[in-house]
Amino acid sequence: MKKYIETIKSLSDLKNYRSLYHKSRCNSPMPSILELTELMELLKAVLFPGFWGYSDIREDNIIYNIGASLQKIEKILNEQIKCGICFECDNEEMQTQSCEYNVTGITEKFIKYLPKIKELLSKDVIAAYNGDPAAKSYGETIFCYPSILALTHHRIAHELLNLGIALIPRIISEMAHSKTGIEIHPGAKIGEYFFIDHGTGVVIGETTIIGNNVRIYQGVTLGAKSFPLDENGKPIKGIPRHPIIEDNVIIYSNSTILGKIVIGQNSIIGGNQWVTEDVPPNTKLFKK
Amino acid sequence: MKKYIETIKSLSDLKNYRSLYHKSRCNSPMPSILELTELMELLKAVLFPGFWGYSDIREDNIIYNIGASLQKIEKILNEQIKCGICFECDNEEMQTQSCEYNVTGITEKFIKYLPKIKELLSKDVIAAYNGDPAAKSYGETIFCYPSILALTHHRIAHELLNLGIALIPRIISEMAHSKTGIEIHPGAKIGEYFFIDHGTGVVIGETTIIGNNVRIYQGVTLGAKSFPLDENGKPIKGIPRHPIIEDNVIIYSNSTILGKIVIGQNSIIGGNQWVTEDVPPNTKLFKK
Amino acid sequence: MKKYIETIKSLSDLKNYRSLYHKSRCNSPMPSILELTELMELLKAVLFPGFWGYSDIREDNIIYNIGASLQKIEKILNEQIKCGICFECDNEEMQTQSCEYNVTGITEKFIKYLPKIKELLSKDVIAAYNGDPAAKSYGETIFCYPSILALTHHRIAHELLNLGIALIPRIISEMAHSKTGIEIHPGAKIGEYFFIDHGTGVVIGETTIIGNNVRIYQGVTLGAKSFPLDENGKPIKGIPRHPIIEDNVIIYSNSTILGKIVIGQNSIIGGNQWVTEDVPPNTKLFKK
Amino acid sequence: MKKYIETIKSLSDLKNYRSLYHKSRCNSPMPSILELTELMELLKAVLFPGFWGYSDIREDNIIYNIGASLQKIEKILNEQIKCGICFECDNEEMQTQSCEYNVTGITEKFIKYLPKIKELLSKDVIAAYNGDPAAKSYGETIFCYPSILALTHHRIAHELLNLGIALIPRIISEMAHSKTGIEIHPGAKIGEYFFIDHGTGVVIGETTIIGNNVRIYQGVTLGAKSFPLDENGKPIKGIPRHPIIEDNVIIYSNSTILGKIVIGQNSIIGGNQWVTEDVPPNTKLFKK
Amino acid sequence: MKKYIETIKSLSDLKNYRSLYHKSRCNSPMPSILELTELMELLKAVLFPGFWGYSDIREDNIIYNIGASLQKIEKILNEQIKCGICFECDNEEMQTQSCEYNVTGITEKFIKYLPKIKELLSKDVIAAYNGDPAAKSYGETIFCYPSILALTHHRIAHELLNLGIALIPRIISEMAHSKTGIEIHPGAKIGEYFFIDHGTGVVIGETTIIGNNVRIYQGVTLGAKSFPLDENGKPIKGIPRHPIIEDNVIIYSNSTILGKIVIGQNSIIGGNQWVTEDVPPNTKLFKK
Amino acid sequence: MKKYIETIKSLSDLKNYRSLYHKSRCNSPMPSILELTELMELLKAVLFPGFWGYSDIREDNIIYNIGASLQKIEKILNEQIKCGICFECDNEEMQTQSCEYNVTGITEKFIKYLPKIKELLSKDVIAAYNGDPAAKSYGETIFCYPSILALTHHRIAHELLNLGIALIPRIISEMAHSKTGIEIHPGAKIGEYFFIDHGTGVVIGETTIIGNNVRIYQGVTLGAKSFPLDENGKPIKGIPRHPIIEDNVIIYSNSTILGKIVIGQNSIIGGNQWVTEDVPPNTKLFKK
C-alpha cells in the first residue's frame, strides 16, 4: 500500500472534489441505500403480505407479521428521514432538536397513510388484470407486473414527498426505475386504476398529472418540451412543464408527449406518436 | 406502536383489500420470490458451469457440482411448483395428495429436459457471437450478453409452461425482464440460434412464434394490435394475437410489429418501423 | 437422484456443448461475477464515499475507509484480472509467471488512476445537475441518477480496457446496463461533462467518440449502420463503425444515430430522429 | 480431483461405515443442527424478549414479536420433531401419515406449555440473583449467568422429552453444554428456584431428581456410581442410577455425588467431597 | 395460530413475569448481545491485527484497518454503553441528555486506553509462551491459548468497569467464559504476565487481587468462602471476599482457594488443594 | 476520529508490541480462523454426512456432496497450510516455490487419509454408545456427544501434525476445546475405541499415549508433572512428559495423572485420584 499513499490522500481530500462531498449540519450520517432497500422490502411485505417477505402468511398470523414489520419500518424511517433532511439542510442555524420533532411526526403520518396506499394499489392491481389479456389472476399481476412494482414505489414516494421530504422519495423512485425500466418522478400526481404495460423505457416527469383509468405502454414519455434558463444559464427548477393526462386515456408504446399540454379524456394516442400540443377529448391519434 | 393499532388492524384485515389477498386450498405457502431466485442461480450454474455459481469448475470436478446442484434444484422445484399450483387452484375439492403426485412428475420431466435446454442455449451463444462484431469470444457472450440471460430464463420458463404450470414461469420470465429490459412471455415459441442485441425495451408477446436464425435489436416490440373484449368489457384471455417471425429475419431497433401477422423468411425490417400487416418473404422494409 | 444419472452425465460432459466450455491455460478459475460485484461496490465507495458503502463518512475518518477499501480492491483486481487474462488467453506457451507480472502492473496503474476518474465523475455530476431542472442538489444526482451510475461503471471499464484487458471491463459495463438500461461499450471514448437523462434504452457502441458537454436522453442509440462480413460470412471485429458526437451536442429521446458519421458541434438532434449521415455544426434537426 | 476418485467412493460407500449411516424410514431428512440452533434463538427471544433476539422490545410491540416468533417456532418444531422421530424410528411398517398427526399434536402441546416454562425460569432468575452477591440485578443474571442459559435449554428439552420425543431434546441439551460447560440430561427432574453458580464442569445425569431451592457450584457431578451390564456385556439402558437431591440443599464446587442415593433436605455438602451414600437431612458434610 | 392466542397473550403480558421484564427510563433499547459480539470481534482485530479479523495485515496497510475498526468500535460502544446505563438506571429523574454526555466521555477514555491494554496483553503472551513447553511461538499462543482470549476479554471488561459501567463488562466477561471455560469477574485486579494453562473450570471472583508473574492451571477456583446475609436473608453485595495472590505464585490444577486470604509471594500450591487460610510467602503446599 | 490519531498510530506501530506482530517471509497472509472454521464444517460434513452440513443426504446423492465438499476442502487446505508454514517459517532463504510444492503434497496425503479417519471415528462412535447407558443410538452419539466432536477434531489435527505441519492442527484442536471443554494436544497418540464421557475439563497433553478401548470421564487430566528448564530458565520444548495409558483402562472423573508414567492395561482409576507413579496392569485404584 505504500505505493498508494498519494492516491489515498488524493481520494480522501474532500476539497479536491467539492461537488462530490457533503457535510451535514447536524453530524448525522448520510442516507443509506442499504437501509432504504430494507425499508422497501418491509413496506412491500406490509402492503402485499405473502407476495413479498415471509411467504407463509395466513389469516391467523398476519397481524403479528404486520405489527413486527411496522415496528422496523418506524425505526428505519425515523433514521433515514432524519439523514435525508440533514443531507439537504442549508440552514446553518437549524438544530437537531427541532429536526427530531418533525421526523417523528412525518413517520407517524406516513405509517397511518399506509392503508390508503394499499387501497390505491389494490385498484392498480385490478387495472393491470383488466388491461392485459395475458394476465391469469390478480395474484399474477402482483408477483410479475413491473407496473405494480413501480406504482408501489411511486405511491410510497409520492406520499413522503407530500409530507415535505425530498431526497428519500427520489431514491425510492429510482430503485423502481432500476428494476422495471419505468421512471416516475415522485412529484407526479397519478389517479386510480393506473396501468403501465411492459413498461421498459417509460418516463413520467415531475409535474405530470394523470387522471383515473389511464393505461400506457412501454417506451411512453410524459416529458418536458424544454425548460427556461435563469440569468446564469441554469435551468429554473420546479416549474410545471409536463403533460396532464385526463381520465380513461390510453397511450400506446413509444409515444412521446411533451410539455404542459392536456390529453383530453377518453382519447387514444397510437404508438410512436410525437405530441407537443393539446389533444381534445375523445380523440384517436394515429398519425403516420 | 399503540398509535398504530388501527393501522395494523386495517392492514391485517383481509376483507378490506379483496384483490390483494389469496387463500390457497391446500394450506400451502405462497410461491417465494426468494426461493425462485435461488432456483435460477442453481439452474444457471448447471447450464453454464463456472460462468455462474462456483467459478473454479474443471473437467474433474464438474460432475460433483452438477449433482449437488441438481439435488437442490429438485427440492426447490418440488416445493415451488406445489406452491404455484395451490396458488392458482380453483378446485375446492382438489386434494393435496393428488397435487403432490403431479408435482414430482413435473419436476422429473423438467430436470431430464435440462440437457436439451443447454443444447438450445449453446446455439444461442453461437448466434450472439456471430451477430455482433463487438463480441470477442463465446465466453464473453455468456458473461455479458443480456440476450443469453433472457433466453436462459425463457427456455426454462417455456418448458415449465409446456409441463402445465403457469405462474412460476411468469415470475421467472419477469426476473429476466427486470435484469435485462427484455420481456419475453413464457408462452412465446422461439426457434434455434436466436439473438437479441442490446435488448432494452424488447417485448415478445404470449402467442408470438419465432423461427430459426432470427435476430432482433433493442426496443423491438412483437405485440398485439388490439384485443377483443367479452360481453363484460373484459379482455378475452389466451387468443393468438402476436406475430409469426419466420426463419432468418432481422428486425432493427425500435421497430414495432403488431398483431397476428407473418414476417416472411429472410426479410429485413429496418429501424423505427411500424408494421401491422404481413410482410412477404425476402422483403427489405425501410419505410421513412 | 438415481433417475438423473444420465442427466448429470450429459450436463457434465464438456464435449457435448463445446461452445459453453472454457479451459484456461494456466489452471486459473474463471472470472467471478460475485467478486466483480464486490469490486464495484468497493470502487463506488471509494469514488463517492458515504453515498455508497459505509454511510457515516466524515472528514476525520475518510482516510481509513479509503485505505481499507483500496487494499481489498487491490486484492480482488489482481485475482480477477488474472482470471480474465487466462480466460481469454490463446497462447499455449504463455506461462503463469509472466501473467502475474503484468497483472500487478495493471492493478497498480489502475488504482493510481482512480483520482482522475473521480475528477471526471465530479464533472459528470455537475453536468447532471445543470442538465435537469428536477435535480435539487449535486448529492441527489449521485444518489439517484442512472447517468452517474452508468458513467461510474464506464469510466472504470474504459480505463481497464486502455490498460489492455478486455473481458472484465465488458462484464463491469453490462452490470451498469442491467441496473440502468444504459449500455455503454467500454471502448467508447466519452469527454467531460456528459449527461444521459432518464437513460433507459440508451446504447453507445464500441467505437463511438463523444466530445465535451454532450447531453443525450432515454432511448438514444449511437450504433453501427451495418458491419462488413469476412470471407466466411462472419462479421469483421473491431472496425470503427459508430458515430462521432462533437462538443455541446444535445440528442433528444429515442433518436437513432447510425454509422461512422459526425454530428457537428453545438447541434441539437430532436426526438425520434433517424440519422445516418453527417450533421454539420450548429444544426437543429427536427424532421417529422 | 481425479486423484481423489477412490477417496470419494470410499467416503460415499455407506456400507463401509455402517454405524455412521442412518436410513430414515419415511424418506425424511435428518434433524438439522442449524435449524435447531435457529429454533433455540427464537425460543429464547420468546422467553426473554429483549434479552435475546430483537433488543428494542417494549410494552406496545411485544405481542407482534411474540406472535411472529411463535409462528416460526411452530414451523421448525413440526419439521424437526418429524425428522427426529423418523431418525429414531425402528418400525418398518410405520407410515408418514400417522407420524405427521403426532407431530402436530406434540408441537401444539409444547407451545402451549411455554408460559409455564417462562414462569419456572423467572423463579430460576430470582434464585440466581439471591444466590450470588456479585449479581447486581435480575437482568444481569439473564444476560450473563450460565445457570439461566443452561436451565432455559433444560426446561425446554425436559418438556419435549415428556411429550415423548428423545433425540431433539438431547441435541438441545448438548447445545447448552457446549456454551456453558454445564451438562444436564433432559431426563433430569429439577424443582423450582434452582441455581448453578459458575457452572463449568457440572454434570447432572439422566435419572437425577432435584427438589426446590437447591444451589450447586462449578464442577459438581450428580452421576452414576456404576451401571449393570446385560448378558452381552453392554450397559442396560434407562435404569434409575443418579442421586435425589432434596429441597434447600447446597453442594459446593467440585463435589461428586454418585449413585441412586438421597441427599436429605437442608443439607450442605462442602467442596471437593466424594459422596456415594445417603446423607440425612440437615447434614453439613465437610470431610477432609 | 388461533389456538395460540392465549399463549401469545400470556407470554406478552409483562406483569406475569415481573422479574424477567425491564423498562428503561430513557426509552433506550436493551443492550444487544449481537452488537457486543461484533464489538469484541472488532476489538480483538485491533489488539491482535491479522490474528483476528482480516488475515492479510501488513506494515503498510495496518493503519487503515485500525482506523476503520476504531470508528465502528466508537459507534457500537456509544450505543451499547448508553443501553447498559439505561438498563441499570434507577433514577427516575435522570435525563437522556446527561447520560449521552457521560457515554461519549467513557467511550473516548476507553479507546485511548487500548494501547495500554495491548501492552498488557503482549506481556500475557510472553507469559504463556514461557509457561508452557508445548508452545512453539508467541503467535501460537495468540491463535490457540484460551488464556489469551480470556485475558483479552478481561482486560477490556476491567477497564470498562473502572470507567464506571457495570453490565456491559459482565456480558463481555461471560462471552469469554462460554468460549474458554474460564470465568473471570470484571472486578478482579490482575497484574502483569499472568498465565492460565488449559483453563477449563477456572473461576476468579469479583474481589480477587492477583500480582505479577502468576500462573494457574485448569479447574482452579479463587472464590468466596461464604457471604454474609443482610437482615432479609439476602446476600450483601460487593464486600471483599476473594483471595489475594501475590507475585510469582503458581497454583496447580483443580485447587480451590477460598475467602479473603493471602497466598504469599513465590508460593507454589499443588494440585487438588483446598485452601481457606493464609499461606506465607515461599511456601510449597502439597497436602495429601 | 481526530482525537484518536495518537491511539491509532500507537496501535499500528508494530515495533511497540514486538511479540504480537509477525512478518511472514513469503508475503503470505496469516492463517485465518474463519477459513479454518469453514474447513472443519466441510470436513465434518464429509465424515458424518447428514449429521453435519446438508441434512438431506441419501444413498443416491451422497457422492455429489462428498465430491463438491472435497473440492472446497482441497482449496482451503492448500491456502491455510501455506499460510501456516509461512507463519512459522524461520528460514530467510526459503522460497515460495518450494513451499508450494510441499503444500500440495501434504493436502493430497491428508485427503487420501480421510477414509481412515472415518473408520477410526466409526469405532469411537461404537465406544461412546457402549460406554454410556444413556445413549439410545449410534446416531445420538454423533449428534450430541462432545467425545465424538473432540475426537473428530483430534484425529484430523493429529494426522496434519504427522504430515509435518504444526500451527494449523493446534488451532483445530483448540476449536474443539472451546466447544467441548476437552483439550487434546494434536501430538497425543490415541488408540481405537476411545471414549470421553461428559468431557468438560479433560486435558490430554502433547506426548500422551493412549491404547485401545480406553474410557475417561470429565475433569481427567493426563498432564506433565513438571518440566525441565534450559540454561536461560525457559522450559525445554518437546520432551516426553505425559502418561502412557494402556489398553482397556478406565479413569473416572476429576482424576489427575501426571508425568511420563504408565497406567497398566485393564486398570481402573477411581474418581478424584492424584496419580504420579506407575500403576501396574489390572489395578483398581480408589484411594481416599
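Read from first to last, the chains carry the letters A, B, C, D, E and F; within each, the first residue is number 1.
Everything below uses one rule, namely that a residue touches a chain if its C-beta (ideal position, glycine included) is under 8 Å from a C-beta of that chain, and two chains touch if they have at least 3 such contacts.
Not measured: the values here are computed from a predicted model.
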{"item": "Third chains touching both subunit E and subunit B", "value": "A, C, D, F"}
{"item": "Selected interface, B-F versus B-D, where C-beta contact pairs are more numerous", "value": "B-F"}
{"item": "Copies subunit A and subunit E - rotation angle from C-alpha fit, nearest 5 degrees", "value": "180"}
{"item": "Averaged-CA centre spacing for the pair subunit D and subunit A, given as whole angstrom", "value": "52"}
{"item": "Inter-centroid spacing, subunit F versus subunit D (mean Cα positions, whole Å)", "value": "27"}
{"item": "Separation of mean Cα positions, subunit D and subunit C [Å, integer]", "value": "58"}
{"item": "Multi-partner residues of subunit F (at least 2 other chains)", "value": "1, 8, 56, 61, 63-64, 66-67, 70-71, 181, 200-201, 219, 254, 272"}
{"item": "Set of all touching chain pairs, with the criterion as stated earlier", "value": "A-B, A-C, A-D, A-E, B-C, B-D, B-F, C-E, C-F, D-E, D-F, E-F"}
{"item": "Residues of subunit D that touch subunit B when the two form their complex", "value": "1-2, 8, 58, 60-61, 64"}
{"item": "Contact set on subunit B toward subunit A in their complex", "value": "1, 3-4, 6-12, 14, 16-20, 22-23, 29-35, 83, 87-88, 166-167, 170-171, 173-174, 177-178, 181, 183, 185, 187, 200-201, 203, 205-206, 219, 221, 223-224, 227, 234-239, 241, 254, 256, 258, 272, 274"}
{"item": "Residue numbers on subunit F that touch subunit D, as the complex places them", "value": "46-48, 50-52, 55-57, 59, 62-63, 66-67, 70-71, 74, 108, 111-112, 114-115, 118-119, 121-122, 125-126, 129-140, 142-146, 179-181, 198, 200-201, 218-219, 253-254, 271-272, 288"}
{"item": "Sites on subunit D touched by subunit A in the complex", "value": "56, 61, 63-68, 70-71, 75"}
